[in-house]
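Look for chain A in each of the two complexes below; its partner is chain B in the first and chain C in the second.
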Partner chain A sequence: MPVTLIGQSVVNILLLSGVLTIVALGFSIVWGVMNIINLVHGAFIMVGAYVTYWLFVLAGVDPFLSIPISMAVLFAIGYVLQRSVINLVMRAPLLVTFLLTFGLEIIVINLALFFWKSDLRAVTTSYSGSSLSLFPDASGNGIEVPYVKLAVFVVAMVLTLLTHLVMTRTRMGRAIRATGMDKDAAQLTGVKIAQIYAVTFAIGAALAGAAGALIATSQSIQPGFGGSYTLRAFVIVVLGGLGSIPAVILGALVFAAAEVLTGLWQPGLIQAVTFGLLVIVLVVRPSGIAGKAFYQ
Partner chain B sequence: MTASASRAAGRFREDRLPLALALVALLIAALIPVMGATGFAYRTLTSMFLLIVTAQGWNLIGGYTGYASFGNVAFFGLGAYTTAILMDRLGLPFLITLPVAGLIAALYAVLLGLPVLRLRGHYFAIATLGVAEATREVLAWATPITSGASGISLPFLKPIDFAQNYFYYMTLGLVVLVMGLTWFLSRQKLGYSWAALRADEDGAKMLGVNTTSSKVIAFALAAMVTGLAGSFYAYYNSFIAPEEVFNIDRTLQAILASVLGGAGTVAGPVVGGVLFALVNTFLIFGKPFGIDLGQFHVTLLGIFIVLVIVFTPRGVIDLFARSTREAIRAQDSRGQGRLRRLLSPLTGGWRAAAKILAQNVRQFRV
Partner chain C sequence: MRHFVVRPLAALAVLSLVLAACGSAAESTAPTVAPGGASPAPGATSAEPCTITFGAAVSITGKTAKEGGYVKDGYELFKEEINKAGGFKVGAQQCMIDIKYYDDTSDPDTSAQLVEKLVTEDKVNLLLGPYGTNPTFSASAIAEKYEIPMIEGGGAGLKIFDRGYKYIFGTLPAAPNYLRSVLDLVIQTDPSAKNVAILAQNDGFALEVAKGAADYAAEKGLNVVYNEQYPVDTQDVSSLITAVKSQNPDIILGAGHAADSILIMKGIKDQKVNAKAYAFSVGPTSPDFRTTLGTDADYVLGIGPWTEAMKFQGGDVFGTAQNFADMMRAKYGADTYPNVPYQSASAAAALYAYQKAIEAAGSIDPKAVRDALANLDLQSFYGQIKFLDSGIIVKPQGVVQLQPDGNTYTVYPADAANGQFLYPAPAWDAR
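For the complex of A and B:
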């Protein structure tokens, strides 16, 4: 394998792992704290992408500037959904929450299909498509680093750091983690569980909204595109292990490597390889590569 | 009303009534084509029978053992592909490919189940979901054998009148067979071991239940049943492609039908399957007040799923049985005549059902 190809693959893996970290982060927090597999997650990503798209098309807002707006919109949707519907089944067996979030996903995706149709849409800015060329050889072919993806990577890392700070340094974050560790004990110390669940779910949705905005900068979108991201988020969280933000980053890195390398070899088998990896990790090390028992 | 009469009535309801109802339902189902059915009715009912079979297949693993498989469509697809390949490439007759399809699906489940059934809860659910996706991808990729994404066409069964009746009665027969199998197994040692491991797997293991073999057998049976449905589907539809036979919606419809009726019961998937088919058909073709529901079909289906999950997480049979008992008890406490008591499920059942629905909504909330 030529050096450029190796270098390009490493760059691709790193860039992909950045956006995948944000894709999986909200999913991991919701799962870790509330023990819910949130199948609406991908639909939230889709809505976030559409918020960015419409702001760009209708108001000319730069996709990177619309990230906070996407996050705010999804935060509100997530809060209302958890408060009004999902809180009703929080003590139910897992099949119930699983099916409920699946039903909600169907509703969100099909409402999007109804209002926005199934056309592929893309956010094309003046700087889309230009890229930095590292170590160019005589004919000018080097390792390509698209500026947009580089910016997405940086934003993703900043958001991950911010999430970490919110979860560890704020009163709300500590209450969320306490609820994840032992909800009865948290309740005894005065934490309002129903409220905390709603905020946790809203944070997960907001992160999905950010992921959607970031994805919209470099990929065409349509109402059904989020579903594959739900599955990816799941595999990443399992690979890394449930319960901490570094585990999500690690999982995203391993997953991105599997996806990029399989893509070079047999693009038709990406899911077979990643899910094969998932089953192996689950069987050999059920708590994931760096997993813990609860959210920290 | 004396206690012994009440007990006798209870025994009648709980032992004989389901069997009687099942026989009546079977009789009606068997007579529908004789009384004259349209092509639409044939298609709707045959699809409903296949849905009931896949629902019962899911029930064997998800309902009885509590292992919520989200990848049962893998067995459906595998069964469909087995029949398609054997009929199209080797020219074998359908009835020979049918048991092979069931067997291959069961074998796949054993190979898969040994590692995957060690996982619990969410992990099992998503691992099976992922395995189903991976199976689809591998079959779509193995173009020399499966023709990849372009799919396989199967020979038609002719003439069309005969084919309609053939598939109708064969799938109905499969429903009866699968029901009988589930009923029989649920009364065997195996069925009790499933109940034990669903209630407390570690406890069951401690008491000497071989949980591994009992889980793997349940998974293999579920796969066999689902594979048979897939095999029928391939011949019935006379064309299959990966995206279609491995569509995760099939798994979810099976789960929903099972949960709607009552997971972990013999009758649950049948009652749930019929209800689901009714609602689904109405949502596709129904035009209440001149509003064409078809365009909102999937959205409304999603709302239906949410309502079912929130209001009747234990299924409608449970709701019906509990509200009937509740109504009779209420009537007993008022102590009026025998006729009133017999009619009490009709007169008081609604109020009791409303009360139970309200309880259901409250029971799992934080």
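For the complex of A and C:
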């Protein structure tokens, strides 16, 4: 049994880190490039989850097929929100952007409560809950890999890779990174930073939308569920360090390992340990495990 | 360009400030009546219409928004029906009732602040409870301070009632008794079921439920092979499920609230943990449990002091348990309430207790109403309503089971049962 226990825990860590990577990715990009700690991120995740839910319930769209739609909807919301509201405070002090995004979060959640009520909802597909048994013993007990969570992991990694390619291989990506490094220099070389900020924020929102779609497949959702993901995204980004996509993956992996291993040993201490890690990293290595000063 | 980057430490400080501020911010929902609707003194003359205003801080948002909604829906249905029937009898007068709500965001401190506001600013006549043991625990201290009765149908923790308070009354059975009926049912069906695993949310109510269940299991000679707590806003329980599975339990008990009961059940299915019985303190009786889990909810046991199948009747506006459920569906829709949760019934029962106590007292003077409540003993759609000296109701728990035909049946106690207990739950591969 211990072998199964260890194997299952490794699977649990990997599967959880996949979701957490996609949860923290958009948050990290917005923070790194725009210097905004986006507290509305969790609410974007929630909206993405609801887009997936409604497409599934009303039109029978498979949750994995609705990911691009969730992303497109959130991209549009993010773009408009940045242009109309957030752009006004781009050069304001940290506290102002904090309060603004915090206020936006409350608005989004309360609109969701108004329209969708606080019912718990879930996307339950025909294949939900079936899983792959690795190394089963005589009585059929093995390491269980739920197909849905496996698919979530794969999609999360593919999206992370795509984001990496967009950021490194396209003109837009290079402009975004240049803006993150030095917005004045970028502007001098002809980058339209207002445009870049809007696109960056929209990309962050779209990734939150994807995260929401993926989360909807494996847990029940209600309008307030995003808040704890904002907090986790924050911890992951600080753990891994700002400035690169591999740092987000690393942060998510460390966070997932801390959560799963503590849960196995003493679940009552999960949050004490994960947030304890945050404090340790801030004291010992404030730039994060693999952090840099700008996005690259 | 280092100066451009937000220092994480500073950011953390600000983040915690903002979160702390958010914790205490009172996000009130719009009151259902225009403010200033304090009643003209009822019982004086019958010349002008009178209104008794109740105050309630209920969770409309936050972790227990769902259950808070059930409580509020129960209050609202009672209000509507009693006002249709002419309101409360206060001495020679008939008074309409009104309820002023605030959203306590499922937070105990906020709940206490809002109850204080209801008493001191809104000047409500009497108080109704919030949802959840912790909010009720802190809100009831305010009721005691101002010596205004509070009847609550949403908090079952004994800690609410063991402080010697005189103004708090509760219509839910005590938390430590919650899962006992489940254990009784399983061991009477299968004496070979020995190993019990308990997963509890780290919250006042859930811990009392878990401790009550663990103590009772030990008393009955069962082995508690796993008994751990998970944090309140958990989103992943996979590691707890892995640990539970390694102990091969016969009975898995969950002590928590609806969202985490669903999360645990999904985890159990994901990792194919095959127990003979699964039971949760809160969750299975709420409609969302079936709609979110689908057929994976089959065979799961839930508990409730009240189900619509129970053969209760009384002189209230509903008459019977069945009629209360039908009226809930008529008001809120059959889609919202395929099964009516007991939280709505216990909330409506709180208002019925007020109705009879005010009638007996002949006034809405808080002290007179309190004394009348302490002496109350009546039958209703919710069963017997009679409070112990501590303020908690005397009431047994029934057990319900979600069955493959899509319905929920009461399976225990035998005299209230309307379905056969299906046991053991089949292995996941065999379904």
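Criterion: the second predicted complex is superposed on the first by the 295 of 296 C-alpha atoms of A that agree within 3 Å, B and C clash if a C-alpha of one lies under 4 Å from a C-alpha of the other, contacts with A are read in each partner's own complex, and residues count from 1 in each chain.
FYI, a contact is a pair of C-beta atoms (placed from the backbone, for glycine too) under 8 Å apart; a residue touches a chain by one contact, two chains touch by 3 or more.
Only a predicted model underlies this, so the values are computations on that prediction, with no experimental measurement involved.
Visitor: Have a look at chain B and chain C on chain A after the superposition and call it: clash or fit.
Guide: By the criteria stated at the top, chain C and chain B clash after superposition.
Visitor: Which partner does A:S133 contact after superposing on A: first (chain B), second (chain C), both, neither?
Guide: Once the two structures are laid over each other on A, A:S133 reaches chain C alone.
Visitor: Looking at A:N87, would you say it contacts chain B, chain C, both, or neither? Reply first, second, both or neither.
Guide: first
Visitor: Check the residue A:F27 against both partner chains and state whether it touches chain B (first), chain C (second), both, or neither.
Guide: neither
Visitor: Considering only the touch criterion stated at the top, classify A:A194 as touching first (chain B), second (chain C), both, or neither.
Guide: The answer is first: A:A194 touches chain B but not chain C.
Visitor: Where does A:Y79 make contact in the superposed view: on chain B (first), on chain C (second), on both, or on neither?
Guide: After superposing on A, A:Y79 lies clear of both chain B and chain C.
Visitor: Going by the contact rule set out at the top, does A:L100 touch chain B (first), chain C (second), both, or neither?
Guide: So A:L100 only meets chain B here.
Visitor: Compare chain B and chain C by how many residues of chain A each one touches, and report the one with more.
Guide: Residues of chain A touched, chain B against chain C: more for C.
Visitor: Should A:Y50 be classified as contacting the first partner (chain B), the second (chain C), both, or neither?
Guide: A:Y50 sits against neither chain B nor chain C.
Visitor: So, A:F234: does it touch chain B (first), chain C (second), both, or neither?
Guide: Both chain B and chain C are touched by A:F234.
Visitor: Applying the touch criterion given at the start, work out whether A:F153 contacts chain B, chain C, both or neither, answering first, second, both or neither.
Guide: Neither: A:F153 stays clear of chain B and chain C.
Visitor: Select, from 22-30, 94-102 or 256-264, the region of chain C that bumps into chain B once both structures are placed on the shared chain.
Guide: For chain C, the listed stretch overlapping chain B after superposition is 22-30.
Visitor: Do chain B and chain C touch any of the same residues on chain A, and if so, which?
Guide: On chain A, the residues that contact chain B in one structure and chain C in the other are 31, 35, 37, 94-95, 98-99, 102, 106, 110, 234, 238, 266, 268, 270-271, 278, 282, 286.
Visitor: Using the touch rule from the top, collect the residues of chain A that touch chain C in their complex.
Guide: Residue list for chain A touching chain C: 1, 4-5, 8-9, 12, 15-16, 31-32, 35, 37, 39, 94-95, 98-99, 102, 106, 109-110, 113, 117-122, 124, 128-129, 131, 133, 140-141, 144, 146, 149, 181-183, 218-220, 222-225, 227-229, 232, 234, 238, 242, 259-264, 266-268, 270-271, 278, 282, 286, 288, 293-294.
Visitor: Can you list the residues on chain B that touch chain A in the complex?
Guide: Touching chain A: residues 62, 68, 70, 115-116, 118-119, 121-123, 125-127, 129-131, 133-134, 137-138, 140-141, 252, 255-256, 259, 263, 295-296, 298-299, 301-306, 309-310, 313, 361, 363-366 of chain B.
Visitor: Considering the complex alone, what residue numbers of chain C touch chain A?
Guide: It comes out as residues 1-2, 4-12, 14-15, 18, 22, 27, 60-63, 65-66, 68-69, 202, 228-231, 233-240, 242-243, 245-246, 258-259, 262-263, 266, 269-272, 288, 291-294, 296, 428-429.
Visitor: Using the touch definition up top, name the residues of chain A that touch chain B in the complex.
Guide: Residue list for chain A touching chain B: 31, 35, 37, 85, 87-96, 98-100, 102-107, 110-111, 114, 193-194, 197, 231, 234-235, 238, 266, 268-272, 274-276, 278-279, 282-283, 286.
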